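Both complexes below contain chain A, partnered by chain B and then by chain C.
Coming up: the complex of A and B.
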C-alpha cells in the first residue's frame, strides 16, 4: 500500500510539473515520466501486458510524436521565453494550490463510498480475452489505425496548385 | 477483503480525480495546442488508471488489460492526427495559438 501511495504521489507530482514547466520539451519529457510511473503502477495491479503497452507506446512513441511536432512549430527567442516564463508562473501558480485543497477535501472523507463490488471471478488468460472475447475490438482498432493513417495522408498531401 | 478493496478504490480514486483536475487545468489555462494535447494525455492517463484499478478490484484484470490496449491504440491515433492538425495549422497561420486561427471557415 505504501509503495502504491508513493507511486501515486510521484505520478501526480510529475503530472503537475509537466503542466507547469515553461519549455514544451520539458513538458513532453514529464509526460513520458508520467507514463513510466503509470506503467509501474499497472504492473503492481497485476496488469503486466497493459503496462508493457503503456511503456512502449505512451512512454516511447507519443513523446517522439510530440517532439517532432514541437521541433516543427516552436520558434521562440530567449527574450520571449523569459516573458512567457513570467506569464506562465502568474497563470499556473493556482494549480498546486487547487490540487492541495482538492486533495485535502477528498481526504477528509475517510469513509469510502459504498459501491457494490461483484465477487472476484476466475482469472482468465489475457490473450484468450483479447483474441476471442474482445475480437471485435481488434477490428475496431485496425479501422481506427487506417482512419488515422488516412487522416495524416490528407493533412500532408501537397495541393497540386 | 471487500473493505480493503474499497479503501484501495478510494485512495486511487482521489489521485485519479486530482489527475483529472491537472489535465483540465492544462487544457483550460493554456493557449497552445500542444499543451492542450498534453492535458488530454493526462486525462487519458487518469482514465487508464481507473480502468486498471477496476479490473484489479473485480478480479478481471484480463478484461481490463484488453480495454486498456484498445484505449492506448485509439490514444496514439488521436495524438498522431492531432499532431497533423497542429502542423497544418502552423503551416497556414504561422502560429499554434488557437486564438489566432482566424482564416478558418465557419
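Coming up: the complex of A and C.
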C-alpha cells in the first residue's frame, strides 16, 4: 500500500513537471520518467505485459521520436524562457490542484463498487495473448504502421525534386 | 469467410507495393475498383439469398468476427462509396505518385471500416476506428495544402479527445466485465444493473463516438475537414468514413451491446434534434458548396441519432435505412462538388454562379441528390425520413417528430438556394474550357441511379432488407 501510494505520488509529480516545464526536452524526459513510473506500477499490479509495452513504446520509442523532432527546433533566450515559465504558471496553476483534490475526494468519499479483477492466469502469457487471444489487434497494429508509413511518404518525401 | 473482407485488401496493398513499377499505374486503380465492386456484389448477393453460411477459409485467420444483415448492408455501402471515390480520384488527381498513395490509403481505410462492422470486441473496434482515422488524417492532407493541414489538425485533436474517452471506457469495462468482447460487456449490464462503473463506461464510449460522428456540439472539426479535403477524399469521408467510425458504432453499441437507460436515450434524442436544427441553420448561411454539404451532413446524421434515441424497432430500421440513403446521397453530392471543383477550380457558390451553365450529368444528378437528401418523394431519402417520423410519432415523441418534419423545410431551403445559385443560372463571364470527366460522370450516374431505384422499389427494399433488421437489433 505505502509502495503504491509513493509510486502514485511520484507519478503525479513527474506528470505535473512534464506539463508545466517550458523546455521541450525537459518535457520529453518527464514523459519518459512518467512512463517508467507507470510501468513499475503496472508491474506491481500484476500486469507485466502492459508494463513491458509501456516501457518499450512510451518510455523508449516515443521519446526518441520526440527528441529527434526537438533537435530541429530553435532555442529561445533565457529571458523569454523565464517570462514563459511565469505565464504558464499563472495560467495553469489550478490544474494540478484540481487533479490532487479530485483524487483525494474520490479516495475518501466514494465507496468502490464490486468489481471483478481478472486473476493473472498462468496461461495468459505473452505468446498466448498476442497470437491466440488478440491476433486481430496485432494485425491492426501492422496496418496502423502501414498507414503511418504512407503518412511519412506523403508529408516528408519530396516527389523526386 | 468474413476475414476475407480484411485479408484480401491487405494482400492487395502488399502486392501493389512490390518493387515493380508496372503495378503502380492504372493496374492499381483497376484492381482497387474491382475489389470494391466484388465487395458490394458479394454482400448484395448474400443479402438477397438468405442462406448466409460462412466458414473459415484459412483456419489460422479465425478472427472473432460476426456477420448479419446490418453488416452486409454496410459492407455493400462501403464498397459503393469507395468505388465512387476511386473514380473521382482517377479524374481529379493528376500526379501518378499521389494517385498511387491515395489508392493505398483508401484500401487501408477500407480494411479499417470492414473490420469495424465485423468485429465483436470493444478493444478491436477501437483499434480499427483508429486505423481508419489515421488513414483519413493522411488522406485529408494529401495535397499538403495549408487549409487541408488545418482541417487535419482539428480532426486529429478532437479525435485524440475521443480516443481518451474510448480508452478510459474500455479500461472501466475490463474492470467491471472482466473482458472486452461484446458478450462480456453486454452481460455486465444485465448482471450488475446498479453498478455506476458500467454507466460511466458506456457514457464515456458514447461521448467518444459523438465526437467521431461530428454531432452538435462536437462538430467543430467536421466542416473544416470536409471542405479542405481534396474531392475524392471528401467523398470518402462524408460518404462513409465518419458514418462508420461514428454513427454505425453508436448504432451497434447502443442497440446490441450497451443497455441504455431512459435518460441516456433522451440525451441522444436531444443531441440528434439539436444537430438537425442547428446544422441546418448553419448550412443556410454558407457560401461554400462543400461547407454547406458538410453542415447538411451533420443535420442528416442528427436524424439517425434521433432514431437511435427513440430505440423502437421501427425507429432502428429507419435509422439503418437513413444511414444507407444518406451515405449514397451525400457521396453523390460530394462527387458533384469534386466535378465542379475540377472544372472551375472553386467551390464558392457566388463564383460558381458567374460561370453559368454546368455539365448536364452533374446538374441532373445533383438535383436527384439534393431532393433525396431533403426527403422528397419518391426518392430514397423520403422513405427513410418517413419511417423515422412515423416511429417517433408512434412512440409518443411528438415534439421530436415535429422538429424532424419542420427541419425538412430548412433542408429544402438551403438545397434549393444552392441549386438555383450554382446550377440554374445564366453565364456572366466567359466559361473556362471544360474538359470531359467520364469517370466522375460514371460515379454520378451510378449513385443517382441507386438513389432513384431504392426510392422507386421501396416496398421490395424495405420489406426484404431493412425492416427485418429490427429482429436482429433486438
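Here, the second predicted complex is superposed on the first by the 140 of 161 C-alpha atoms of A that agree within 3 Å, B and C clash if a C-alpha of one lies under 4 Å from a C-alpha of the other, contacts with A are read in each partner's own complex, and residues count from 1 in each chain.
We adopt the following convention: a residue touches a chain if its C-beta (ideal position, glycine included) is under 8 Å from a C-beta of that chain, and two chains touch if they have at least 3 such contacts.
Nothing here was measured: the structure is a model prediction, and the numbers come from that model.
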| item | value |
| --- | --- |
| Of chain C and chain B, partner touching more chain A residues | B |
| First (chain B), second (chain C), both or neither touched by A:95 | first |
| Which superposed partner A:104 touches (first chain B, second chain C, both, neither) | neither |
| Which superposed partner A:41 touches (first chain B, second chain C, both, neither) | first |
| Which of chain B and chain C A:151 touches, first, second, both or neither | both |
| Contacts of A:68 with chain B and chain C, given as first, second, both or neither | first |
| Partner chain in contact with A:5 - chain B first, chain C second, else both or neither | first |
| Partner chain in contact with A:143 - chain B first, chain C second, else both or neither | second |
| Those residues of chain A which chain B touches in one complex and chain C touches in the other | 113-115, 117-118, 134, 137, 140-141, 144, 147-148, 151, 155 |
| Complex interface listing, chain A residues touching chain B | 1, 4-5, 8-9, 11-12, 15-16, 18-19, 24, 27-28, 31, 34-35, 38, 41-42, 45-47, 49-50, 53-54, 57-58, 61-62, 65-66, 68-70, 72-73, 91-92, 94-95, 98-99, 102-103, 106-107, 112-115, 117-121, 123-126, 128-130, 133-134, 137, 140-141, 144-145, 147-148, 151-152, 155-156 |
| Sites on chain A touched by chain C in the complex | 113-118, 134-137, 139-141, 143-144, 146-148, 150-151, 153-155, 159 |
| Residues of chain B defined as touching chain A within the complex | 2, 5-12, 14-15, 17-19, 21-23, 25-26, 29-30, 32, 34-35, 37-39, 41-42, 45, 48-49, 52-53, 55-70, 72-81, 83-88, 90, 96 |
| Chain C to chain A touching residues, read off their complex | 6, 10, 13, 63-65, 95, 97-98, 101, 104-105, 108, 111-112, 115, 119, 121, 123-124, 127-128, 130-131, 134-135, 137-138, 141-142, 144, 174-176, 178-179, 192, 195-197 |
